[in-house]
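In what comes next, chain A is part of two complexes: it sits with chain B in the first one and with chain C in the second one.
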Partner chain A sequence: MAVSAEPRTGVPTPGPSLRGRTLPTYALPGFAVAAVLLTLLLWATTGFAGRAGFVVFALLLFVALQTLVSFGVEGRRQAVNRLFTTLVTVAFLIALTPLVLIVWYTVKEGAGAISDHFLTHSMFRVDPSEPGGGIYHAIVGTLIQTALATVIAAPLGVLAAIYLVEYGAGRRFARAVSFFVDVMTGVPSIVAGLFIYAFWILALGFQKSGFAGSLALLILMLPVIIRSTEEMLKIVPNDLREASYALGVPKWRTILRVVLPTAIGGIVTGIMLGVARIMGETAPLLLLVGINQRIEFNPFAGTAEQVPQESLPTFIFEQFQLAAGNTDSEPFQRAWGAALVLIVIIGLLSAVARLIARFARVRG
Partner chain B sequence: MAKSIDVSGVDIFYGTFKAVEDVSMTIEPRSVTAFIGPSGCGKSTVLRTLNRMHEVIPGARVEGKILLDGEDIYGSNVDPVNVRRTIGMVFQKPNPFPTMSIYDNVAAGLRLTSRKVGHEQVESALRGAGLWEEVKDRLSKPGIGLSGGQQQRLCIARALAVEPDVLLMDEPASALDPISTLKIEELVQELKARVTIAIVTHNMQQAARVADQTAFMLDGELVEVGPTEKIFTNPDDHRTEEYVTGKFG
Partner chain C sequence: MREREPVGPTIGTATTPSVGGGPPVAGEISGAAVRPGDRVFRSLSVAAGATVLLIMAAIAAFLIVRSVPALRANTADFFTFEQWLPDESPVQFGIAALLFHTLMTGLLAMIMAVPVSIGVALFITYYAPRRVSSTLGYFVDLLAAVPSIVYGLWGFAFLAPNLTGLTLWLDKWFGWIPLFDYQLQNRPNNLTDFTAGIILAIMILPIISSISREVFGQVPRDQVEAALALGATRWEMIRTSVLPFGRSGVVSASILGLGRALGETLAVTIVLSTVYGISWHITQSGGVTFAMNIALKYGEAGTVGTNALIASGLCLFIITLAVNFSAQLIIRRRKGA
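Up next is the complex of A and B:
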């Protein structure tokens, strides 16, 4: 291919200096202000209207302005760079918006309902439409049911992951298990609930209870724990296993004393991810546990006299139904209050998990 | 108690791939044997079969006989775990246990094999590895906080603490600087009074410096084994001569 001797057009010919013309630092804020002002002007003088349209139009204008000016002043490469930097930033902000909105809105709506009384009392003998009552019974239920599910699912999940990574690696059975774990990750929570309903209540004849709910929750939790533990065990360097074997340490002890301690931080984080995943689950609990206004510490309670445990998600659902769309009603306030408490509990647990992971992490 | 190793007619496989064919050689007690050869020739593979570490890799297997003082380590009733307690190993990359302190790293071999461990054993293993003076004031600090050379000597101390009869070293100095390498080589000379040593090395000078006996491997074949001086000055096989004189590899 012949090399063209003519300078390419559209690109400022690079001089002998390494420096080129660049936009001043105040250019970007300037474009933003200009874009907003221009849009305002357009909205005031023409038929354009609407807040959403305003934001989108101003944003597009801003992107167009800075890209065009940058192209003229700095050249093609810088213009493309600026264009994509802006697009990536905008995509990030858009993705973040719903998260921030959810937290903000829950705090705004729920903070008013929170009080000592709200956190320490149940709904027993409280008229839902009147002020008063609380979510103590729901907090108790959620914590007990989640703890039960975790106590069963965590050892099962970690052991299953140990099998998959340390014993089954490459075998057909392990590959099949791995595949089904992936499938299980996608099982809708209502399906897990239905399965436990069919198995535990219809086939085995047990009553609805907090424990039945825990069983469904553990089905949902298990694949999360297996997957994350598997990943953590895989990144433990093989060198460490070999070093241990070479000392004449049996395999099980190598796993227990060398592999697990090295991966423990990540494993704990994975378990907490699982906890966070199930704590807000509603569908299986509605199916398997039901509604109760009283404090019930026994997760196995489930007879006519002893109604099963309440939990935060079912409480929110129940109160929301009682509110029947009336956003000023007491049940509606309580639902938001319970939602806020649920988010705070999950947040606290995640923070604790981070702390545990940090302390358990590889030293040095 | 140093022991001898007798290898006869050993073939080594990864799955269906035969990586090493028909190796026979003898390693005398209280001697140093070096394995040299280009990358991928199978020298590390042979070393790893000597303490049954080869079979840790899925699909890997060994055919033939390897006798440790007359006892076949691949015999039907032999537990590989017991073999590894007798034949220790040091790897190319220093691999101290990251969750353990210096002290615990040395004690690990004994503790994890359900044996009692005393301070004297840890100290003597660290002295044996020439590391005691450098770490005696910070035994409770993490093992991975040491320098590369110190870490490797920590791994040697860890291997020595279980008092093996044979020590296998897989390119123990290839990731280290010249000073650390020198220390490891001096260590090998000291240790051979107590244990039998087999060492894989890329570095022919290193083999010439430390080994009593040298084995030259090429493409999965043991080309020649003999006294180090003979291998480097007057080998029988022309390929050995070409390799040690730098014509290839």
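Up next is the complex of A and C:
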């Protein structure tokens, strides 16, 4: 596979040899340079234009050149191999492009909006079309709602995972639960929102509130926590459990004192990844929480006098709608600022989660 | 498959006392009598497991109960009517347009995301240097951490304006295919199915590629090395041992990705301009999806309107459920095999 350094010079090897003729290592960079130069020439002399077109054309030219020459020199099999190596690499670069573009664009647009004032003030008595105002109320809401959802989902999810691994393994009921955990992962967030709307607000008669939003988030978070905790419990070595049983420790204490502490790092990681997943959810909050310009610390607030909490995602959507398509307007800038803050919070959470995962591996 | 089978990880150790507290079967090492702590803890964990089933059943039940009155009141055909007018005096609403654009954007996303995801998964498992491969995987996974609404903002402010050239180019060279035919006179604004498809493709890419990556990583080492030892090139090795092994995994990963794309709300709401109607021209004229319709209409909806939205939510729920069910069945069959 590796391109061998030099085809044996001098003596021509008669007949089939173990090492066929191969392209020299400088061939690929050479083709790349040639492709770019040719494209430049075409762009300068003919009517072709456009940056995106340039990249695509140069790339195609590179692939064609490389495949044809390789076909001539090395034969069909190597040519196909090289073609696919290039395609696979290009696929990877294509996947990274939007990530880079999104992060770059969000930072570029959002950094301008962020200031001390922006992070520590609400939108109370601020004309949205004027500069000023901030997202403090939205950050407060997002943190409280996410925390509430986590406080309920984490114990529930960990217990369910304990059932699946420690008690249920192999049983029909456990397999059903496990199957529906996976199916539940695919429930669209807006459907979760609609369900809570039909259940909590229409059927039980509660008002829209931050807590109603938390309930929907909890549905989205639960399967993530169960699945990751289950994986972690599965890799706790059986020796530990057996040693504990041998000492006469009851099963429930074994689980609480031996199994869980061993896997705690991974479990925490899973919970934090679950938090990161729901923090950016907008759709259910749109249905269940509503919009507020003031700082509201009470997640149960939901009356005419006490409007439900704001949250970062709903704030972004509200500002986007206020901007009415004008990307330079103040609301749009605020939306970018809030988006950047949201991404940073989520990024920090996942980074910390990965760190915990790295330092708290299950040890056998 | 009943109570007393040896239980996975706790093989042959402390017995799992049956729930009813029946006497331990003779010959079994019964470590201890059923202790109250055990019974409480066990019931707690069973209850937690049952919650999952309960929630899923409750979702279906509550959506159905709310949908029925709206469907009764509807005077138009629910499946073929394209407009959404549940609060007008003859109550008329239908999911034809919603269904069409939901499937269209989902399919576009699949067509774009699946080949790239397979490429990404192969690159990370078999091409990238081993030392950096997990880091590269982490970068692709970061795409999943970007909130849906940020995709929407980016699609609206950056992607759509930059797609004008592509739209016109597709129209010029491939306009004979109705899909790419741009018939309007004004400059395209690109708030279309096509743009929504691209955004969705980016959003489901990390899902499909991470599952595929996992499956490709499980290909038995012997098969890979046997192929290489027979003189296969790297691509031949992948074609003969990795891809056949990973096919079902990739298929189910793609279906899971599709499920995610169908239910995506905010990104599509922002990127697609709202037009109720079916149009095959994906580079013009906007559209409307299930999720987006709910997000846009819930505010102004009256009683019938709300129930109608819940009915459309029920359709979305059933579709994603069917999609996820089939994906899980494929995965499980593979595990069983």
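We adopt the following convention: the second predicted complex is superposed on the first by the 293 of 364 C-alpha atoms of A that agree within 3 Å, B and C clash if a C-alpha of one lies under 4 Å from a C-alpha of the other, contacts with A are read in each partner's own complex, and residues count from 1 in each chain.
By our rule, a residue touches a chain if its C-beta (ideal position, glycine included) is under 8 Å from a C-beta of that chain, and two chains touch if they have at least 3 such contacts.
On a predicted model such as this, the values are computed, not experimentally measured, just so you know.
In the superposition on chain A, contact of A:P261 is made with chain B only, not with chain C. In the superposition on chain A, contact of A:R21 is made with neither chain B nor chain C. Residue contacts after overlaying the shared chain place A:H117 against neither chain B nor chain C.
In the superposed model, A:A169 lies in contact with both chain B and chain C. Touch criterion met: A:G248 reaches chain B and chain C at once.
Contact with chain C, but none with chain B, is seen for A:L202 once the two complexes are overlaid on the shared chain. In the superposition on chain A, contact of A:R76 is made with neither chain B nor chain C.
Judged by the touch definition given at the top, the superposed model places A:L240 against chain B, while chain C stays out of reach.
More residues of chain A are in touch with C than with the other of chain B and chain C.
Note: residues 169-170, 241-242, 245, 248, 250, 253-254 of chain A belong to the chain B contact set and to the chain C contact set alike, using the contact criterion stated above.
Residue ranges on chain A touching chain B, taken from their complex, read 169-170, 237, 239-250, 253-254, 257-258, 261-262, 362-364. By the touch criterion stated above, chain A contacts chain C in their complex at residues 1, 50, 52-53, 77-78, 80-81, 83-85, 87-92, 94-96, 98-99, 101-102, 105-106, 109, 156-157, 159-160, 162-174, 176-177, 179-192, 194-195, 197-199, 202-203, 219, 222-223, 226, 234, 236, 238, 241-242, 245, 248, 250-256, 276, 279-283, 286-287, 313, 316-317, 320, 327, 332, 335-336, 339, 342-343, 346-347, 350, 354.
Residues 51, 53, 56, 58-59, 81-86, 88-89, 91, 93, 95-99, 108-109, 112-113, 142-145, 155, 158-159, 162 of chain B are the ones that touch chain A when the two sit in their complex.
Touching chain A in their complex are the following residues of chain C: 1, 3, 5, 7-11, 13-14, 16, 31-32, 35, 37-38, 40-42, 44-53, 55-56, 58-59, 62-63, 65-66, 115-120, 122-124, 127-128, 136, 138-140, 142-143, 145-154, 156-158, 162, 165-166, 169, 202, 205, 209, 233-236, 238, 256, 259-260, 262-266, 270, 291, 294-295, 298, 306, 309-310, 313, 316-317, 320-321, 323-325, 327-328, 331-332.
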